[in-house]
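Just dropping this structure here.
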């Protein structure tokens, strides 16, 4: 959690780009803790947290947000697309709702290849209104695919509240329409999230099919730190309340301290700070990608396709 | 109901084209009986029943299936698209699921223009798996639009049963996920369908929002009488049972006879026969459309668009 | 007010067009995601939530809701925000909006406007940077607009709103901030289907598509310094295409460069090249040059991205080949 | 078996290609609506429901499921049945399948095949009769195939299944029933990106796209009777286009007719015309002729519908203009 927080704080300081997960780290990390390295994950435009939660190397992630050649996606994907396949990530879709079918397809692949992996699909409350949500969940239900649909319900899609955009506000309640379990959990409590996700993962590995989990969480910052929002769509009090009372990191820190783990906490805090500093340094000093990288990444098998010839 | 049945039997005899509603007339007519002439309806590829249920003239419908210039759509739309706007029909979508947003838009229009019309969307069980189903119903729910989503659940989408394609088989059960009522009714009982639809229409006119109705019905014939089906996806016994025991027309005829209405029934049967014979005659003798009709129907306002110049 | 002007940016001009048309006709409504965010905040205040609909993230359906509303008495403007989302709604746009009038034998009409912005040169990467004009160009039944100035944006959008057929209106975010004098005449429409000659010349023709215009004009300026007079045509309307203006120009100059930020294969530039080589073959003195985006996706890295799109230098390079 | 042949229809050849590849590689799976109905019944019997997935009617998602499966070790063939449904799935095809490899810096690959059939000349009316090649032609990252013979259908589909990139495979239902001798060699692939010269000639070039081939050959036959030797090229692969074969032919003949059943504006024919007028300008002796579908929707009435598509007579008429 702290690594995600500090990663994004470094971005605010050094390269203010993108959609931040600050406030939502408990949901992300709680979910990822229930997964193995070889389990699949699809993510969203709010993409920084997912690979970090899955344990990806920080340097290539940071370099990617800086648009550098050493970035995990060679500087071609960027802030909304931090995908590290070595940790099971198979795409962070900036098309809202784009991940549902892809995660479901990974579930199908697991079933056909008969491995015991699972596939977890992170999505936002707003994304639940895309048709791909119901289409994909229904397919996973009929085929009993090992997929966990994990909603980071932060209450808003840009400026639009869940109450104003959903016939009823509990996304997990839609699960019943497809005959699968739907579970609501406090997303600011990483251990609670971990527990319900673990149950869903176990069900999935046992061949019992998909689960829909809705973690109620909150985004502390604006939708994106590149978009000016001209209206007040949520109150300052609401934001302050969440920052002060409902910060998943403060809450978990308190839990750890109550377990007498102050020394460990402090050690981790120092390690995280070092990791982030090193990553910023790495990203800054890395070279820019070339036009050749652009052409090279188009096709696996470029029969008869032109290659880059320096024309631009 | 009888008019739909005889209309389609005439097609089988004279112009074997299209997707027949035979077996589903109770659901269609029961629903339409709850509507006023100025209420809107969207339909499906199985399009013959809806305009007949809404009281459209038979001649132009028959001529349309024959592809004639006197057809309701000038022979340009055809069997899957019998749309008569004078009876409130605003499109029969052969794109499965295409009608959901359109019916919902008509509901929005009613709300903005502040009339007391309603909009009814006919769709099949298979169509419920299109993303437009959940997207549109959700929009109608948040805006409390006067829309009735009416499922003709005939158990199959081409060869695919509801059990094999839906996470759970009751489509109406999905309504709860959007916070709206979902109602199941026996589609072979026209009066029962009429009653539940009337309730939904009343709710809609009162500003209380959308309803999802699922009429359990059955298709007696093949998916389309132009498509050869090489597999047995439903048993002969099942078909025979429905034809013999669950025919909405026989059932309703029995009801009427039990009310001592034999004379009326026989008069209606004769009238229907005459109407259909006349329609076939009309359709047969009507002229073919011209290429000019094709060009003329493209734009309302063809600034700078070419017109037909006889080149083909 | 008839003959006065006001200084407006391209985006402000669009909002003004919407305001004027919403004032004129109560059947005009606006729909889209976070409708107040992209400049339309004042419209929400003026017209209220009944006519300003903040939609859920359901592109195919809310465009289809626009279609249904258009069939039944309203004149909806649907904002698809970013043009990459057109692919989510292409079903309702192509299979329904474009076809419904035809398929019902003209019983129905579809007075729908879909606004959408091409978000390239903005470091948003490949899933947000599409310029999918060709998708809609190939579809009969649609009118496709792509203005390059604030005045044209206002006048064409107003014409689109008053039009009884479905219109796709492409904005270019690289122009959103550009200010110019725009007429306040509430009835001044820019005709759909007419290109604009922005600079006349006799040595070669440069046809500019959508947001390429500033680059085309800059290139023409450089050429003028060298004694080469380029005629610059702003296409403005992609469908129906104003062949006449293009063919007349090529008949005069015999040389054609087309500048278009869509991907080159199957681009608007390809269509123009095909038309000209068919209908002005005899007057063409040199091969047509297409300055378009090569067949690669748009990278996140800003420096690389910039090189893929039209620029003064790329246009000049193409001109040098045929001059 | 290496050198033997069997008589197969175009559709049977497609099913055979699927069968052979499913036998060869257990990671090949097939997905689509009513999968057993359109010829694949025997595949369901042979491979079972695990690898033959009968999908709900959820086009965007089941294509996306194919993408997800392709990213994680399978090689799915997704049957979109009727090409008009491409618009429902264009989001997953364009925004995901075509872009994912690129956007991840080539960490991922997408070995996905989407089969889809153009259902024109079949009285199914405008919502079922699209030929949307241009939609995908404009998208970088895709390979687009459109075979016109049973042998090419088999060999190209097999090549597509073995390809590590996403491929869109357009079938033409007007050819489904056409029988010919097809090789039984399980490793015979038709190379992606190579056009076929079906008849050589020196007086003019006819390039045929997809199902237009029989009409082009029939026209060439008539011309031969008049002493005019037409070279007939079957494009076979739309993307990447085999420019070389076309340019070589036009260099020889100086005259070009392109036959394409997509709508003319923004068609494959337009792209070919643009390429040829750019790269073979000096050898062109007459304006290029495009025989394509005019910008109207496809009517239900069968007689009218037929007139909108390629025919021997329409091709001959175009040839007469430039001969």
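Structural remarks
Order of writing sets the chain letters: A, B, C and D. Residues in each chain are counted from 1.
Keep in mind that, in the parts below, contacts are C-beta pairs under 8 Å (C-beta built on N, C-alpha and C of every residue); 3 or more make two chains touch, one makes a residue touch a chain.
Since this is a predicted model, take the numbers as computed values, not measurements.
Shared contacts of subunit A and subunit B, meaning chains that touch the two of them, come down to C, D.
Counting C-beta pairs in contact across A-C and across A-D shows that the higher total falls to A-D.
Between the CA-based centres of subunit B and subunit D the separation comes to 35 Å, rounded to the whole angstrom. Inter-chain centre distance (subunit A to subunit D, centres taken as mean C-alpha positions): 38 Å. Between the Cα centres of subunit C and subunit D there is a gap of 30 Å.
The set of subunit A residues touching two or more other chains comprises 73, 75-77, 81, 93, 95, 98, 129-132, 135, 138, 142, 164-166, 293-294, 298, 305. Among all residues of subunit C, those that touch two or more other chains are 55-56, 58, 60-61, 84, 88, 91, 95, 102-103, 125-127, 140-141, 295-297. Taken as a graph of touching chains, this assembly is fully connected, with contact between every pair of chains. Residues 17, 64, 67-68, 73, 75-81, 93-98, 126-127, 129-131, 157-160, 164-166, 227, 229-231, 288-291, 293-295, 298, 305-306, 311-312 of subunit B are the ones touching subunit D in the complex.
By the touch rule above, subunit D contacts subunit C in their complex via residues 60, 84, 87-88, 90-91, 93-95, 98-99, 102-103, 125-127, 130, 132, 134-135, 137-141, 239, 241, 262-263, 265-271, 273-274, 276-279, 281-282, 284, 286-290, 295-297.
For subunit D in complex with subunit A, the residues that touch the partner chain are 27, 29, 50-51, 53, 55-56, 58, 60-74, 76, 91-92, 95-96, 100-109, 111, 140-141, 163-165, 191-194, 237, 240, 242. Against subunit A, in their complex, subunit B makes its touches with residues 129-135, 137-138, 141-142, 164-168, 173-180. Every residue of subunit D that touches subunit B in the complex is listed here, in rising order: 33-34, 36-37, 41, 54-61, 84-85, 88, 123-128, 294-297, 299-304, 307-308, 314.
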